[in-house]
Amino acid sequence: MRVLYFAWVRERIGTSEEVVDPPAGVETVADLIGWLAGRSDGHGLALAAPDRLRAALDQAFVPLDTPLGDASEVAIFPPVTGG
Amino acid sequence: MRVLYFAWVRERIGTSEEVVDPPAGVETVADLIGWLAGRSDGHGLALAAPDRLRAALDQAFVPLDTPLGDASEVAIFPPVTGG
Amino acid sequence: MIRILVSPAIIDLSVEMDRIEAGHSAGAIATFTGLVRADAKAEGKVETLELEHYPGATEAALHALAGEAEARWSLSGATIVHRVGMMAPGDRIVFVGTAAAHRGAALDACAFLIDRLKTDAPFWKRETSGGEARWVEARASDDRAAERWRDA
Amino acid sequence: MIRILVSPAIIDLSVEMDRIEAGHSAGAIATFTGLVRADAKAEGKVETLELEHYPGATEAALHALAGEAEARWSLSGATIVHRVGMMAPGDRIVFVGTAAAHRGAALDACAFLIDRLKTDAPFWKRETSGGEARWVEARASDDRAAERWRDA
């Protein structure tokens, strides 16, 4: 599974993209965020407050309680600020 | 008093402007329209239906029951259709 | 900064867009452009559109509207350009531009100006189609659109 | 006719205005342009604004919004151009243009697109002022502005 990070999430983690293989039990986007938070201090800092995070599965915005299903690309980022 | 006509009011009357001296008793814009209607067949045709007419006194839109006061310029025209 | 222009010249969008952007630190610019439509009528397609106006009174009415919008939405710029005389389908009739710090103000002020211009400024349209000229009738929907700005 | 462009190039208004006018018989065109404001902050004036986006997903989100607007307001044209990368105060960030037969549709669709773009498209702004960079926070007012289009 490819995970993409944007804005300050990307900066704190120190990478814009990584490939991960989450264990069984990681079923939703929120589960994935909780699991990713343990990968490094940077991940912990970036992902500590899930209420400040938004996500997309295969490029479509989804709520954090959405099951990962067979998505191949997950993106995690702050609320958007375009326009 | 200068009277200006626009659009089909102007076309039916056959002039865009005339100077008139209405008699005592012509107190409102509606009175003036009624009096002007008798000046020619064209005036009669143009001014027969005051509910289809609008007016301005000294270049400001006014309801037809507005007193002429000391206005020096009266304009009579159909509802506007700009934009 | 208010700009009012009533003229038979073709409306130059690049000039108007540059002016509304220039000289102030607005964050948001909204514009509306009205074009002559080649509507199919019973008589055939519209061939020409002629715009008559009331010189002096028209400019004054547009200035008053722009001033009202500028005060109500704290605009940093308001432009109204209206063409008069003879036009063909596709030609620009009117351009309205508003500049403000934030988008809500610019968008609302732009809608206000075009809605109120339709009822408050002395212009009259005459269309020619199938070789026949006719004066365009005012529409009740325009009165209602203008009216909604008076409640607030 | 939908046109979506996400690019680091300066937004060329005359090109965009020509495109939205051309090729259809619209009577009404509405546009919105967002500019980088040189807001005074506690840290000083904004010096640069950097726009990050999610390549692919951003374009898809803008296409979806334009398609929704086109269907809802029977638009004959919808354009969204969004700049990304490094910008300075006064630069254009975003241009939205809508073409329709009548003004109400063009104006409403234009407001819809800019309101919804703010919440539905993956862009992130980073401002620099006083030499310090900071990520711009999302605003609750933007969520409310986007929300009003969901009732109807």
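Chains here go by letter, A, B, C and D, matching the order in which they are written, and residues are numbered from 1 within each.
Quick note on the criterion: a contact is a pair of C-beta atoms (placed from the backbone, for glycine too) under 8 Å apart; a residue touches a chain by one contact, two chains touch by 3 or more.
The structure displayed is predicted, hence computed values, not measured ones.
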Of all other chains, the one whose Cα centre sits farthest from chain C: A
Separation of mean Cα positions, chain B and chain A [Å, integer]: 72
Whole-Å separation of chain centres (CA-atom averages), chain B against chain C: 26
Chain B and chain D: spacing of chain centres that average the CA atoms, whole Å: 49
Multi-chain contact sites of chain A, meaning residues that touch two or more partners: 83
For chain D, residues that touch 2 or more chains besides their own: 34, 103, 114
Topology of the chain contact graph, where touching chains are joined (line, ring, star, complete, other): line
Which chain pairs touch, all of them: A-D, B-C, C-D
Footprint of chain C on chain B - complex, ascending: 4, 6-8, 56, 59-61, 75, 77-83
Touching residues (chain side chain D, partner chain A) in the complex: 34, 51-54, 56-57, 60-61, 82, 93-94, 114, 117-126, 135-138, 142
Touching residues on chain C, where the partner in the complex is chain D: 13-14, 17, 21, 25-38, 89-90, 101, 103-104, 106-107, 110-111, 114-115, 145
